[in-house]
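Dropping the structures in below, format is structure tokens.
Each of the next two complexes has subunit A plus one more chain, namely subunit B in the first and subunit C in the second.
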Partner chain A sequence: MTTFNDFGIFAGEKLIEDRTFGLVTATNDVNGSWILTQFVKRLGRHDKVILITSMNDEEFYIEALRRQGIKLQALPNVRIVSLLGKNPENLCQYADKDAVVILENPDLWSAEGSMEVQDMVKTIFQIQQVSKAVMCLIQADSPLLETDSSLLATNHTNLGIQLLHQTNYIITLRPLPTGRAEDVTGTLHVSRGTRPTNVTVDEKEYLYFIKGEQVKITPR
Partner chain B sequence: MHPSLLLPRILALKDSSAFTVIIDSVEQSASRLISEFLHHAPESTNVLYVNYETLTVDKRVNHEISGHEKVAELKQKIVQLTGTSQTLIIFDTLAFIPEQELFQLLFSLISKHTTVVCVYHGDIRSKSDSSSSCYPSTLSLLNYFATSILTVGPLSRPDVMPHVLEQHSNRISAWDIPMGCNSPKFEVQLDYRRKSGRSVIATYTVDNSSHAVAIAPNKAQQQENEADLLKDLTTFNLTTSTRNQQAKDKVELPFLESQKYGDGGVQGGAIVYQYEKDDDYDEEDPYEDPF
Partner chain C sequence: MSFQKKNVAVPNRAAVDRNSGNPHPLRGPPANSSHPSVQGRSPRAPFTGSTEARGTSGVTHAVQPVPNTKPSLLQSSTPTVSSGCFDFDKLVGHNGIPTGTLTLLEEESTTDYASILIRMFAAQGCIDRRNGGSEVAVVGANDAWGRQLPGESDKKSRSRDPSSKAGSGAMKIAWRYGYNSEVERKEQLAENNTATFDLTKRLGGPEISKIRYLKPDKSIVPEIKKLASAAASENSILRVCIPTFLHPAIYDKQMADSDYVIGLFTQLRALTREYKRHLVIIVSLPLVLYPKSSPLTRWMELLADCVLDFFPFDVKVQEREFQGLVNVSKLPCLSDRGHMLVTQSEYAFRVTKRTFEIDEWSIPVEEDDGEKKEDALAF
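Right, the complex of A and B next:
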């Protein structure tokens, strides 16, 4: 059984308006794939959804959706593109004027060097221009954001900062700052992006809890 | 001129600030200030928008140019669309232009009827490139060349404890954007360089929803304190009432005329006299040679 008390943020229709760009940031403690699965599941009922992932294979999402009680075949509008271990050539080819494009961890490509940071930022902007809406997940672990002069940290920071400067809304997934708890997996913040839109973003903080197939969200 | 007029004049392109740099951050983006520029620009102004990262460009923009091109081609396109009328050229980020070509491009666009406004994301890190480590960073060069620098930030909160502010900025540097960032009401710090070389520093609050621009209140408080100091010193009235002060601040002094661009640069030294209604205009020149 799936409990998903979403308090409006995952109504989907409300947040993913046409021509918006949203950024989800997560850390290693709180894997962000679950939230992408939720978006795929909820949006996939009435919208075309294309999920492009650098991290997981197609099987992963088939399984993740199955755990949510839904078969991928039952969502004909959903397409999972796994580029795991592949070069991200011409990402724009997967975009579609009527589709919501969800990008999982494109930061991996710039980190491993298969794409320059500025090219990555440019490509993600171009995908926005040829899609209905775009949502992107990147990592925000502190070693990647340190102010030392390591090239990896500089590149990752510059990628994230420039993406943040394009956002209409931002979703932040972090572990509890006070430590571990039995019934809380992490915190989820929804905040305004840097680009104002006609859609008002309902800025809120939530706690969420994932256990097996259960996802529970409570406002803080 | 009173500083409270300065930012409104820059926004309305009344002031000859040919090269304006806006420094922003993820906490408070420049996009709302750009929309103020577009709102206040005179209707006749030709607005060019060099777009690198803006998904929906404001309707006020006359020509949108995609920035993702070779710099030489980009320059050609901009020059073509500039024409001879007053033109506002906006760059939504400078991060895509190679450092070596950036200033060449910007300088070639600045002329007496163009105003260049560019956004520099202050939180982007510059790559320390060993080959050019002696060369100053883009930001310090922009600081040096800009005629005005606008730094946007959230409204200052003097009542908040320092450790809370520190927590707030720690969260931002971890990309955990707290609530209330990028609000329609924000603060702008202006560093304006006059032609004389003197710089004026002032802080304003801007409301993007009502398009109101006001000088930050701490300035007004200072004036009140001055008034308090003069109180009870003499029987003469040495203070100015707030109404007097407001009226005084609104006066655009005639010497601004001398800072206007004319043919071939600044036309300094000209005498500008505006007749008031009681002035008796004498056709005859009293200093004329009587013979």
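Right, the complex of A and C next:
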């Protein structure tokens, strides 16, 4: 179960320093919840972590951590908040100066119209200003970004670009352009964000492979 | 293609409890033998039985098993229900549809093959009622829809042509690794729960009289919630069918607002999680109206647990054996965890007079080319 070698991506303190904002993007083909689980697992040992999800229930992450061999009770610093099917009211209450706040798919709230894009961006940066660090997972599927001029795509692009402009680091999960492979799940790209900072980001592309409970990451 | 299988330890037959029908989690269904997660599963599940697993996760579910469910072949703690179609169950990977999931069947062109599957799914629910604990609800349909549900076949066993590709192929693979009897046993297991339908027959009678028909308006979510909570209190399974979602002949124009549709799907997803052991939802979506390139369709795909696309062949091209392709986008409980399971043109479906079959597909004329292409994809 321990063939995992992350080449330092998950060292956490490397990327997640005070006040950093990181963006993780994924697509329908390669779900990004596993990487959030890894961050929760690794950061949760030393830091306070609050994971807020719009897509999954609490049990999903409890189970995901259990598959990683960790009971949620063993991580007293970790709190999982599921807002699946609920209105994202008063998100700022989760801000905490000692906590790393991880947001999964806040883009769903703007897509279903329960929150305007501008309010969303404002809220996320309000949280960031009073928290240790914020990491945010949004979708980067091409139909959501470039295809038509529908309000849905425009709003999504708008949200993505506004968040992108505040990033310290970006983690991109994509399937292989050649399609499904037996021993590769997809590519993981770590790059510097657009905000000028001292955060050291080792820009690199990796191949990752999820096999059962294991994740293997190898530099490309 | 998957030689890695050789590294997998031979499953201990003794670990399989025949009476409970609890299959060993190491082995996947034959059609999915190249599945990444199957190869790498650590043999941990047998030791943490479903009740214990639930207990440790701090969730207090009824320990009592829900009637008409069987454990998934991939993870024994997940109950599944039969879709009513043997090959569909196999394609999904768990040998059934896991409860607490939302399945989206997308269909290109103006045909409506997906509705055949949904009818089989509903008919299976009606037949399961005989054992108690099974309810069926359909959105945007009436009695006429219910009367068209397929009836059970006279033949007790699954009438499969022995020379059929998938059957014999699975056996060959199983034989190579010495699991022949296990595959046979699993097929028998699967048959215990799945009815064999004959599409030329009609179910009719008292079985279909209890189907609930829900109006295709904004009351969908509260109505389903009401039924699901009743199902949970009676420890039964509620199957919700939503055929040809957003079809303008059925749904009002204001229902098709993207905000509303995404909100509705989010609520449906939330309901499947709330009633994890008692609710299964299946939706079919015509891609003619909502193409795959549209952001709305993508959000529906993101919110669904299982996404399969049906692409019927052009009538003029007339493939001899098959009516169209089945592409997999997402599979329940696996895609969520990050597995990439997209397959293009690897499976095809055929609807015969009697049944709906899904088989592996390769380019018929130049089979060598098909092989090469596959190799390139797998590195």
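For this structure, a couple of remarks:
We take it that the second predicted complex is superposed on the first by the 218 of 220 C-alpha atoms of A that agree within 3 Å, B and C clash if a C-alpha of one lies under 4 Å from a C-alpha of the other, contacts with A are read in each partner's own complex, and residues count from 1 in each chain.
Note that in this section a residue touches a chain if its C-beta (ideal position, glycine included) is under 8 Å from a C-beta of that chain, and two chains touch if they have at least 3 such contacts.
Since the structure is predicted, the reported quantities are computational estimates derived from the model, not experimental observations.
Annotation: superposed three-chain arrangement on subunit A; subunit B versus subunit C shows no clash, the two fitting side by side.
Legend: residue contacts after superposition of the two complexes on their common chain; A:Ile62 is shown touching subunit C, with no touch to subunit B.
Of the two partner chains placed by the overlay, only subunit B lies in contact with A:Gln128; subunit C stays clear of it.
By the touch criterion defined above, A:His46 lies against neither subunit B nor subunit C after alignment on the C-alpha atoms of chain A.
For subunit A, the partner that touches more of its residues is C, with subunit B and subunit C as the two candidates.
Contacts of A:Gly85 after superposition: subunit C is touched, whereas subunit B is not reached. Of the two partner chains, subunit C is the only one that A:Leu108 touches; subunit B does not reach it. The gap separating subunit B from subunit C in the superposed three-chain model is 14 Å, by closest C-alpha atoms.
Subunit A residues 147, 151 lie at the interface with subunit B in one structure and with subunit C in the other.
If you check the complex, the residues on subunit B that touch subunit A are 24, 26, 29, 31-32, 35, 52-56, 68, 93, 95-96, 121, 123-125, 127-128, 173-184, 208.
Taken in their complex, subunit C has these residues touching subunit A: 1-2, 4, 34, 36-37, 39-42, 53, 56-59, 258-259, 262-263, 266-267, 269-271, 273-274, 276, 292-299, 301-303, 307, 329-330, 335-344, 376-379. Of all the residues in subunit A, the ones that touch subunit C in their complex are 1, 28-35, 54-57, 59-60, 62-64, 66-67, 71-73, 84-86, 108, 111-114, 139, 141, 143-144, 147-148, 150-153, 156, 175, 178-186, 209-215.
Within the complex formed with subunit B, the subunit A residues making contact are 19-21, 25, 118, 121-122, 125-126, 128-129, 140, 142, 145, 147, 149, 151, 154, 157-158, 160-162, 164-166, 170, 172, 174, 189, 191-196, 203-205.
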